[in-house]
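Each chain gets a letter, A, B, C, D and E, in the order it is written, and its residues are counted from 1.
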Amino acid sequence: MSSFWEYANPRRFMRTTDWLLPVAAGVALVVTAIGLIWGFFFTPDDFRQGSTVKIIFLHVPSALMAINAWIMMLVASLIWVVRRHHVSALAAKAAAPVGLVMTMIALFTGAVWGQPMWGTWWAWDPRLTSFLILFLFYLGYIALWSAIDDPDTGADLTAVLCLVGTVFALLSRYAAFFWSQGLHQGASLSLQPGTRVDWAYKAPLYVSMTGFALIFVALVLAGTRTEIRARRMKALVARERMA
Amino acid sequence: MSVARGGVPLIAGLSLCLTAGQALILRGPNGCGKTTLLRTLAGLQPPLAGEIDLPPDAVAYAAHADGLKATLSVRENLAFWAAVYGGGDVGAAMGRMNLSGLSDRAALNLSAGQKRRLGLARLLVTGRPVWMLDEPTVSLDAASVALFADVVRGHLAAGGMALIATHIDLGLPEAQVLDLTPFKARRPAPGQGGGFDEAFL
Amino acid sequence: MSVARGGVPLIAGLSLCLTAGQALILRGPNGCGKTTLLRTLAGLQPPLAGEIDLPPDAVAYAAHADGLKATLSVRENLAFWAAVYGGGDVGAAMGRMNLSGLSDRAALNLSAGQKRRLGLARLLVTGRPVWMLDEPTVSLDAASVALFADVVRGHLAAGGMALIATHIDLGLPEAQVLDLTPFKARRPAPGQGGGFDEAFL
Amino acid sequence: MIALLTRDLRLAIRAGGGFGLGLAFFLILAVLVPLGVGPEPAVLAAIAPGVLWVGALLACLLSLDRIFALDWEDGSLDLLATAPIPLEGVVTVKAFAHWITTGLPLVLAAPVLGVLLNLPTGAFGWLVVSLLLGTPALSVIGTFGAALTVGLKRGGLLLSLLVLPLYIPTLVFGAELVARGAAGLPTQSALLLLAGITAGSVAILPFASAAVIRINLR
Amino acid sequence: MIALLTRDLRLAIRAGGGFGLGLAFFLILAVLVPLGVGPEPAVLAAIAPGVLWVGALLACLLSLDRIFALDWEDGSLDLLATAPIPLEGVVTVKAFAHWITTGLPLVLAAPVLGVLLNLPTGAFGWLVVSLLLGTPALSVIGTFGAALTVGLKRGGLLLSLLVLPLYIPTLVFGAELVARGAAGLPTQSALLLLAGITAGSVAILPFASAAVIRINLR
């Protein structure tokens, strides 16, 4: 019986992901394709928004994954700080660019959607604002990683940044809501009764959300493998030099 | 004990023991890891393997850089470190390192050797028993090197210890000399574990 | 010739003459003005009195600091200076100063002595005939000092000149030695004019 | 610790030490904004609280890299880390010295600049209060950012990038406090939130900063 | 000279070298100002040209001290001064490298930030044109300021203080050009004046900068 922590061994992780990664990637592509095709071509147009409503199938999944990626980085950083498993630090590193791209997709699709809906590309709505701030946090995190040579030092420093940053990101979100009332929709996918979105939209939306989540997993696995290989190369080169 | 820098093990299998009144001179070619070893012993970085049995608040460390503030005067620079370490005698330290004539000159306007003397005078105000010195006599002239040797001797006589990395003869014939070359870390035999990034190989 | 630093005259009445193939070693206690003299000769500051009969584009100057960019690799650092001076052979210079094994290491991650060797390798790519070196062998180990002496000898044999300020023995017995102590500037007799802020006296 | 504080203050007031320059920057920003935006009093009055707070924030930001970088370059930080004072204490003293040399002058100068920007009369008190409460948080958060980037060669602007998002809550509550004060709206919640951020940062961040410095020196 | 240019650019894109960070600062300012000033689109649109120009100016300003200070600290500037390229050339190359790493990215990013600040649609073209014309002057003037303060220990903020007054004409004409473009007023005179300032600075200031460096190295 193997414990979960054994996957923190890079060799074990590589061996498992050897087969897991292609599977995850394949499933992710299929599910996302189904969700998006269903959403784009087999749903009715909204009576007010017309066909622009279909941006939701990109917008909401990417927005969700943007937030979840940060949460995953936070968990991975905590694991690194507490148990010092290299794989988890590298996974946090690999997740950041993916989260950044998800944030950019959410911002971009939101802007494209905002043009017909609100008549402007950008408004200082609290949701949008806190997303922009999240974007800055991702940028800072990635910039810090790339500025440090030593991998363990980098892992430590970025982990601290991630912890402190999370607190301040939550504060910022609160501040943004304190500061302005917004134009943006509330969370209409909540489980409370009186849901506002029709099942005709909801079902494909759920599918494409699952697809995005799987894409995220596949990309993080791939990124982590790359980081592990880079680290291994470095160790081998150092060893060679000592000989 | 082993130490590493930038993820590369440098020194392995070294074990050191200093007793009161003893000085040890570390020698070894450029880049063999003297600075790294001293930083590790001073508690600035963790050892790769092994342990250091030394209270960290016993050590006064002097690095390649002198830690001087360019806009403060010689006296102010020293007085600051004296206050941090709980008050050594600044005037006496300046006298010992032949800096009295320069006491109001800003550190910016000292020559290379004068800066170095000021960096060494800092040791005298720390009151710490173990001195770890990284090439202390760089840019000193012959008279200053002799002065420095006297100071170290005084420190040893008062029961202190000194660990000095250097390439130059210090005029301290009574000190033991340790050559670090034989302790150079070698590539570990496969599967044997060199302690570094093992998990990735 | 006289030189001053911070408005204070340091060296007075010195006159120097170097011919091709000759090396001159400047000695003198800390703070006597060796660095100031070299900077003046290299054209970085004007002399207080007297003149320098030397085309400024004949000089390659190496100061206490090495002028290395921490984030560039050894090769990139050298290649830059080679390009600025019109293309010396970078690979050969690295070989001469025993840096070939480090060519892709960032200068940040070199030890003190390795940095210094890189600073000296820069001289080889300048192709300038007159070298002015300020304590070139600081932090070098014995093997590197010998290497450096060889390099200087090679330069002299090729018709170059070298002016070296140092406190350490360089292993260049054939070089002339000049002690700067006798040229220390003294307070001029009243009304006689020492060249320094005369107008205010 | 007191020796460290006096040394840092003394260094700051020596030539080129940075004292008063944060202030000068604040002043210059208050001059530049009307030049860039145009002279209409109504527009200026509307943006004055925000601009003054952004100015204070930037003035702090610009002086952050001095907190540790100088000590790191000349080797003092290594020596301080091996000295008999806890690194948490060093970090706190450094943040305090930064506040005295940067934050405090800003607080004192802000009313004058409020005049330049047509700040409504009722808001001057709130401006001073909000800066007095908020600038310590700016110094402490900034010290954390400076500690994060201390080993990196001239992290100057990287430092800005890391610290600015952390500054956002302070900025929002601070500027909001002044704006509400100017408009005669209730200010209590903004005041409490601002005070809460400052208290929280001062209590917790020094530990994070000290940890980060230890990692960086390694 | 080309070697110097490639070296400076390479240093800039290395870790911590500052490339893209001026840009990040510009972005962050565009975020901060609405957070401080409040979200009303009309107010933001009114101040957008001024704020964007002030932001570009500050982003330039913050990266100025890297131009010479790093080279001075590690001794490269001494060596460059004794190298076989004229100091005027060195200064020009340094200003050009600064523009490529700071000014040019700002020009390219400005339209995006215009969106954030609700800049009127008609003004986007003028924004790009004015920055393209004005940022070279910012770099050249800034290089002069950096040369003036090179010997002084970390003249960072002193440098800002010296340079900002020199930047004022560029700022005024640049922001005015955008504001007029946004309002549909004639733009020719502002355009010509801006171009004139840039041409004049590029032609004359390198000589002043080189002279000042020679004095500072002495």
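One rule holds for everything that comes next: a residue touches a chain if its C-beta (ideal position, glycine included) is under 8 Å from a C-beta of that chain, and two chains touch if they have at least 3 such contacts.
Since we're looking at a predicted model, the values are computed, not measured.
> Could you tell me the least number of steps, going only between chains that touch, from chain C to chain E?
Graph distance in the chain contact network comes out at 1.
> Farthest from chain C by Cα centre, which chain is it? Let me know.
A
> Looking only at C-beta pairs in contact, point me to the busier pair out of A-D and A-E.
Output for the comparison: A-D.
> Please name the chain that ends up farthest from chain B once chain centres are defined by their CA atoms averaged.
A
> Report, in whole Å, the distance between the mean C-alpha point of chain B and the mean C-alpha point of chain D.
The separation of the two C-alpha centroids amounts to 37 Å.
> Using mean C-alpha positions as chain centres, tell me how far chain A is from chain B in Å, no decimals.
Those two chain centres are 48 Å apart.
> List the centre-to-centre spacing of chain D and chain E in whole Å, with centres computed as mean CA coordinates.
Computed from C-alpha means, the inter-chain centre distance equals 24 Å.
> Give the residues of chain D that touch two or more other chains, as numbers and ranges in rising order.
Correct list: 15-16, 70, 73, 152-153, 155, 158, 161, 164-165, 168, 172, 218.
> Quick check on chain A: which residues sit in contact with 2+ other chains?
Residue numbers touching two or more other chains: 133, 136, 139, 143, 147-149, 179, 241.
> Show the residues in chain C shared as contacts by 2 or more other chains, in ascending order.
64, 70-71, 108-109
> Inside the complex, what are the residues of chain E that reach chain A?
15-16, 21, 24, 27-28, 31, 34-35, 38-39, 41, 44, 115-116, 118
> Can you tell me which positions in chain E touch chain C when the two form their complex?
2-4, 7, 10-11, 14-17, 70-71, 73-76, 78-85, 217-218
> Within their complex, state which residues of chain E touch chain D.
Residue list for chain E touching chain D: 15-18, 21-22, 24-25, 28-29, 31-33, 35-38, 43, 46-47, 49-51, 53-54, 57-58, 62-63, 65-66, 70, 73, 152-158, 160-161, 164, 168, 171-172, 175, 179.
> Could you list, by residue number, the parts of chain C that touch chain B in their complex?
Residue list for chain C touching chain B: 5-6, 28-31, 35, 64, 109-114, 117, 135, 138-144, 167-168.
> Touching chain A in the complex: which residues of chain D?
Per the touch definition, chain D meets chain A at residues 144, 148-149, 151-152, 155, 158, 161-162, 164-166, 168-169, 172-173, 176, 189-190, 193, 197, 205, 208, 211-212, 215-216, 218.
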